[in-house]
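Have a look at these structures, which come just after this line.
Same chain, two partners: subunit A is paired with subunit B first, then with subunit C.
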Partner chain A sequence: MSLLEIQDLSVVYEPRGAAPTLAVKDVSLTLEQGEFVGLVGESGSGKSTLGFAVTRLHKPPARIAAGRIVFDGVDVAQLDAEELRVQRRGGFAMVLQSGMNALNPVRTVGNHFTDVFAAHGHVPTAARRRRATELLDKVQLPSTVLDRYPGELSGGMRQRVSIALALSLEPRLMVFDEPTTALDVLVQHAVMDTIRELQAAEGFTAVLISHDLGVVLESAQRVVVMHDGEVVEDGAARQVFEAPAHPYTQMLLSHYADPRAEVVELPGLERRAPAVTEPGAAPASAPAAGTVPAAGTPATGRRAARDAIVVDHVSKVYPPPRRGEQPVTAVDDVSFRLEPGAAMALVGQSGSGKSTIAKMVTGVERPTSGTVTFGDLQVDRLRRHQLKRLHTDVQMVFQDPYSALNPLHTVEYTLTRPVENYTGLRGEAARERVLGLLEKVGLTPVEQFAAKLPHQLSGGQRQRVVIARALASDPQVLIADEPVSMLDVSLRAGVLALLEELRAETGVSLLYITHDLLSARVITDRIMVLHHGRVVESGGTAQVLRFPEDEYTTRLLDAIPQPARRFGGVA
Partner chain B sequence: MRYVLRRLGLLVLTLWAAVTLNFVIPRLMPGSPTDAAIAKLAQNGPVTPAVQAAIEAQLGVPGGSWWNQYVDYLGNVLTLDFGVSYTFFPQQVSGLVAGALPWTLIMVGLVTVLAFVLGTLIGVGAAWRRGTWVDSLPTVGGSFLSAFPYFWTALLIVFFLGYVAGWFPTSGAYSATATPNLSWQFLGDALYHAALPAATILLTSLGGWILGMRNAMINTLGEDYVTFAEANGLRGRTVAVRYAARNAILPNLTGFGMALGGVVGGSLLVEQVFAYPGVGYLLYNAVTNQDFPLMQALFLMITVSVLVANFLVDILYGILDPRTRR
Partner chain C sequence: MTRPSENSPGAAPDTGTALATTSPAATPSTTTPPAPPAPGRRTWLDTTAPGRALQVLGRAVATVWSNPKARAGLVILGVFVLMALLAPWLAPYDPHDDSFGRNEPGSAAHWLGTTGNGEDVLSQVIYGSRISLLVGLVAGGLSTVVAVVIGLSWGYLRGWGNDVVNFLVNLFLVMPGLPLMIIIAAYLQNGGLPMIILVVVITGWAWGARVLRSQTQSLRSRDFVTAAMFSGESAPRIIFREILPNMTSMIAGSFFGAATAAILSESGLSFLGLGDMATVSWGSMIFWAQNSMAILTGQWVLLFAPGLCIALLATAMTLVNFGVDGLSNPRLREGSGR
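== the complex of A and B ==
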């Protein structure tokens, strides 16, 4: 008998005062004991809804409309609350997306274990601490963690604690809902390793829900692809990787590439490696370290004089977070030059100082030492009224398009404000400029998009509006802080292509801040790798990513899921 | 422990600042109580310097440099000597306050605590059983009652339960024939007199606590740690109390601290309607009669009680929320 049989399951969302939507449509799926299954889909595909329904954790307005979920011979859709609660031990467990918030901030880790043991009575009181220590050991945490509060642990540690807690139920089925999404790249990699090892050692059946086909292909034996509430593909991981049957799967796969490859291709974007030197050999015509040459074809200058951003031996030290602690050095002696029309990537994990650099370049923060200049402007000395001059030329694109737009204003209003502010245009002229901006970022028909409110737009469209807003002042420099990390993979390439296009057309230079090496590879020429606020490596993007010389760069590259490595094929 | 000491240090510092402000502000104001008295007397004829000196001596108007006055003042505050009341001359201000304070502290204080505890419990229940009658009855009823102005509820209660039905006494803290002592009989009598003002305060403040707790708890019920606790099969009661309510109560504690601090001064209207001999009643008398020493003492007491209540809540916060302890 199979461990889990999902038969014609439909889950409907019935929000009060709105039309019901079918999030999961007639899904049938069978899981065998000990399988490691990946469930992949983009946002809105119904993958998490399915995961929550299977573990009976869905809450109103979600409702199981039809179908059976037979777990070990019992239909869990029919269980009452107490039966359900009792069977959670030795049944199915769930690890949630944001491990950050999955633990009660006012209870110690030890108390979390005690609560679970007490609820099911499967570990005698005397043995509880020993058992908790064993479980923590399985997720590679020391027993000292037991007396800590969640707030005292890092994100990765917290997610490990939740895995250990789920494990304490001795489950036969573990559902991992985006277990590493909220974590840092390197930590993600380590946590995924732990999950794989545990699954192999403990033999539970695992369902890994993820938006990242790369992560799933690297871990799962079998891959289930969901789109629009339906399962569109279900097969062995190797088969899905090598010969995806459904066009949707093919499309998802086309967005994966190895940033180390000689030619990196994403839909709509292609980047060949320029004359790259083997490691060891001195770069033939490499520019001096830290300088960024203009892109191949210099854009026809809109303005006579165009300026470079020069960051010279800049450091930023924040005062200690609490009394008696060390001050925090966010940026440590960083220098670079961003030439007009060039594209440079700043990469590193969170806390590496890359966003702090962006803040200093835009004049939001002042460096503790060193200087930032843009043309004749000394950015680190600007007074408030001078900032406007800087911001006419240096504009920012933010990470989260969902919170970067005021939900109460139409796109036209959002764009008219900066147009009036920076260009002085009014009335019909301003409107024309707004429509021109929309055209430029590919939101056509422009009249229609101008009238829309943010919630009527998709994430990708919102990010285009954010980019249009940054372009309103006709800037010379765009600073994009993780502009695609919140977007579905299928939308990322489009936004990246837009940035690339704008650079070619208007000659704007781009400072691209990211942890995603693949996107850095396809839209930038130069790269700087930051670690603990220091530049550990810099140079041509292709050169650095293909032949990294610093151990940290290698670690970042290794952390990217590479199904090709597992299956040996070419991506 | 270091957290408590740090809070204690902060309390002492703010107390000193409050006491000092209380000293400085009246001296910066134009005019003085003596001027007021002399102006009144002047209507009947010229005031001789001897009369003026007599008035100053009688009122205890301080002389000497500000510094000397300040040192004297600090000493007086520490020994709780606030001088003589003008209205209830020649009674000591400290005696008047000491007489009024217990009534307010016990009646208003207990009711405030009771309202917080009851409101929080009902709020937890309402959020946990969202959408059932356990939710709708107290939320709708609570908002209805707290929409009434304080004094209006008081007047209605006095009128219907006091005059019309005659079930409860309508004024005073105890019967005219009773003498305050610690016998059961007197305590029963005091409780009987406290019933109506207490009910007024309870009714008008309960709704706020219910709504505050319910809304905070509905937020925490959506948190991942609650979902995760359910996924781990914890009992419903454990999830509701230790996971959801335990976190939801934190923001409400701040409001509770403010309510506690307001106990001493904030019951003015209710005490007025019920002629309850508490601090609010005394303050009303002091203000209407321009009784400066009494006012000054009462204002100082109100400030101090707000500070002390906030200190206590800070300590409680430290116990309940490990994140503030560091």
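== the complex of A and C ==
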């Protein structure tokens, strides 16, 4: 008998005062004991709703509208709260995306284990500490962690603790809901490794819910793809990877590529010709600027960028977070020059200082030492009221399109403000320009988008509005801080292509900040790899990524999920 | 550029606030889906600024109304407002008319009896609502305005001014309210209603400022505030156009809280004999009832009726407060959950 049998399950959201939404539609799925199943889909596909329903953790307004969830012969959908609680041991457990924030900050890790053991009474008091140590060992944490508070652990460690806690009930089914999404790139990789090893060693059935097909293909034996609440593909990982049957899966797969490859192509970036080719590139060939023929062509726009941003031996030291600790050096002696019209990537994991550099370049923060100049402006000396002059030419695209737009202002208002402030246009002329900006970022019909509020737009559309706002002053430089990291995989290429296109069209130069080497590869010519605030490697993007010289760059490259590595062959 | 798009009926070409309520977000499939104009469930048509203000207000009331507790509060509040507005027609007698028999119990002529001075109690209760509501709305409103201006600038700006304001607000927070009020009122003796309002405002703004400041601080770190800076907006504009509208519910809540406190303070001061004893308010009614030892003479209604009114009005305000949460959230406002 199979461990879990989902029959014609439908889950509906019934918020008060709004039309109900069917999030999961007639899904049937069977999981065998010991399987590692990946559940993939983009935001809104119903994958998490399904995961929550299976473990009966869904809350109103979500409701199981129809269908049966048979776990080991028991219909879970019918259980009451107490039966469900008992069932959790030896039954099913869930690890959440924010699992690392699910620990109580005022209790030690050891207390968390004690609570679980006490609630289910399956571990004698005397053996509790030993058992907790065992569990921590399984997720590769030392037993000293038991006496520490969650606040003293890193995000990755906390996520490991929550996995260990879920394990403590010896579940036969573990549901991982985006277990690594909130973690740093390099840590993500390590935690996924742990989950994989754990599953192999313990033999529980694992369901890995993720938006990232790459991650799933790398780990799972079987892949289930969801789209719009329906299962569109269900098959062995290798088969899904090599011969995806559904067009949606094919589309998702097309967004993965190896940044190390000679030719990198993403959908929507076709304009850029067969991406980067470096004829006869060898590690020895000196990295030079402008090795990219296609995108480096000088601008044909109305106004080409004229001034370079020069960052000269800049350091930023923050005062110690607590008394008696060392000051934090966020950026350590970084120098670079962003030529007019060039595109440069700053890459590194979180805490590498890349965002701090962006803040210093835009005048939001001042460097502790060193200088930042843009044309005749000494950015590090600007007073607050002089910033406006800098921002006429240096604009920013923010990371999170969900918080970068004021939820109460229409798109038109958001765009009209910078137009009025920087171009001096008023009334009809300003409106004309706003609609022109919307047209430029591909939000048509423009009249309709102008009247919308942010919550009526999808993530990709919001990011386009954010880009349009940055373009309102007709800037010379765009600083893009992880502009696509919050977007669904299939939306990323579109936004990247837009940036690329704008650059060709207006000659704006681009400082692209990211941890995602693939996107850096397709839209930038130069790259700087940052680690602990230092530049560890820099040069032509293709050169550095294809023939990395620093060990850290290699680690970043290895952290990118690459199904191709597992199955061999090319995507 | 200005191509005539297939607008939904409400999308007026100017001051485009007409919103076709499409189902939000969740269009993940393609890169730029120009979302088809979904048939809007509700469409607002407007062309003028006052029209827009009215529409916003109407929407706000509708949001509050949708909460059952708040609905109960609004009903009670509405009854009191009507009572105050229509007092001359509702009240059977002039509240100052002391030509009736003294300390009479309830009768057909005087439903709630008469006071020790021979005035009609029912008429006094009805007229008293005017003072309580007036003080509540004016003093509550004024102290909210002070709280908003100080709280928002305090939360947004940085520098030495911040420390000064911090000291001031903390000063007002640690000083016990009622004793301070009594002292100020004693100094400003016989100032009448404006004096009471002034006293209530001086002692009542600090809490609101503190609450609004912490919310401002959390909002100022949001990207859209930084983005507004990049859009070349001035500090006052960022504070009042970007941050303030996101705190509508908090400000409304703070107003109702302040109004409740003001009503209670006014009654308290009047009861202590520090108000204007010539005007009829619920507080002064209790003061006079206490003076004439109404309980001993069996006229508990004299104390009970104005007391109940004060309690009911304060409760109504608090109930309304339950419903103001949805105000700042356009998603809640349109009832389109995500």
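The criterion applied here is as follows: the second predicted complex is superposed on the first by the 539 of 571 C-alpha atoms of A that agree within 3 Å, B and C clash if a C-alpha of one lies under 4 Å from a C-alpha of the other, contacts with A are read in each partner's own complex, and residues count from 1 in each chain.
In the analysis below, a contact is a pair of C-beta atoms (placed from the backbone, for glycine too) under 8 Å apart; a residue touches a chain by one contact, two chains touch by 3 or more.
It should be emphasised that the depicted structure is a prediction, and the values quoted were computed from it without experimental measurement.
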After the superposition on A, what does A:R322 contact: first (subunit B), second (subunit C), both or neither? first
Looking at the overlay, does A:N104 come into contact with subunit B only (first), subunit C only (second), both, or neither? first
Is A:V361 touching anything from subunit B or subunit C once the two structures are fitted on A? First, second, both or neither. neither
Would you check which partner chain A:L435 touches, where first means subunit B only, second means subunit C only, and both and neither mean what they say? second
Once the shared chain is lined up, is A:V86 touching subunit B (first), subunit C (second), both, or neither of them? first
Touch test for A:A164: subunit B only (first), subunit C only (second), both, or neither? neither
Subunit A residues touched by each partner, larger count belonging to subunit B or subunit C: C
Once the shared chain is lined up, is A:V311 touching subunit B (first), subunit C (second), both, or neither of them? neither
What is the shared patch of subunit A, the residues that subunit B and subunit C both contact? none
Could you pull out which subunit B residues touch subunit A in their complex? 223-225, 227-236, 238, 242-243, 246-247, 250, 320-323, 326
Taking the touch rule as given, give the residues of subunit A at its contact with subunit C in the complex, in rising order. 13, 15-18, 21, 42-45, 61, 227, 248, 268, 362, 364, 387-388, 391-392, 395-396, 398-400, 403-410, 412, 417-418, 421-422, 432, 435-436, 439, 442-453, 455-461, 464, 466, 469-470, 472-473, 488, 490-491, 493-495, 497
Across the complex, what residues on subunit A touch subunit B? 55, 57, 81, 84-89, 93-94, 96-98, 100-107, 115-116, 118-120, 149, 151, 162, 165-166, 168-169, 322
Which residues of subunit C touch subunit A once you look at their complex with the stated criterion? 1-3, 5-8, 11, 13, 16-35, 37, 66, 222-224, 226-233, 242, 245-246, 328-331, 335-338
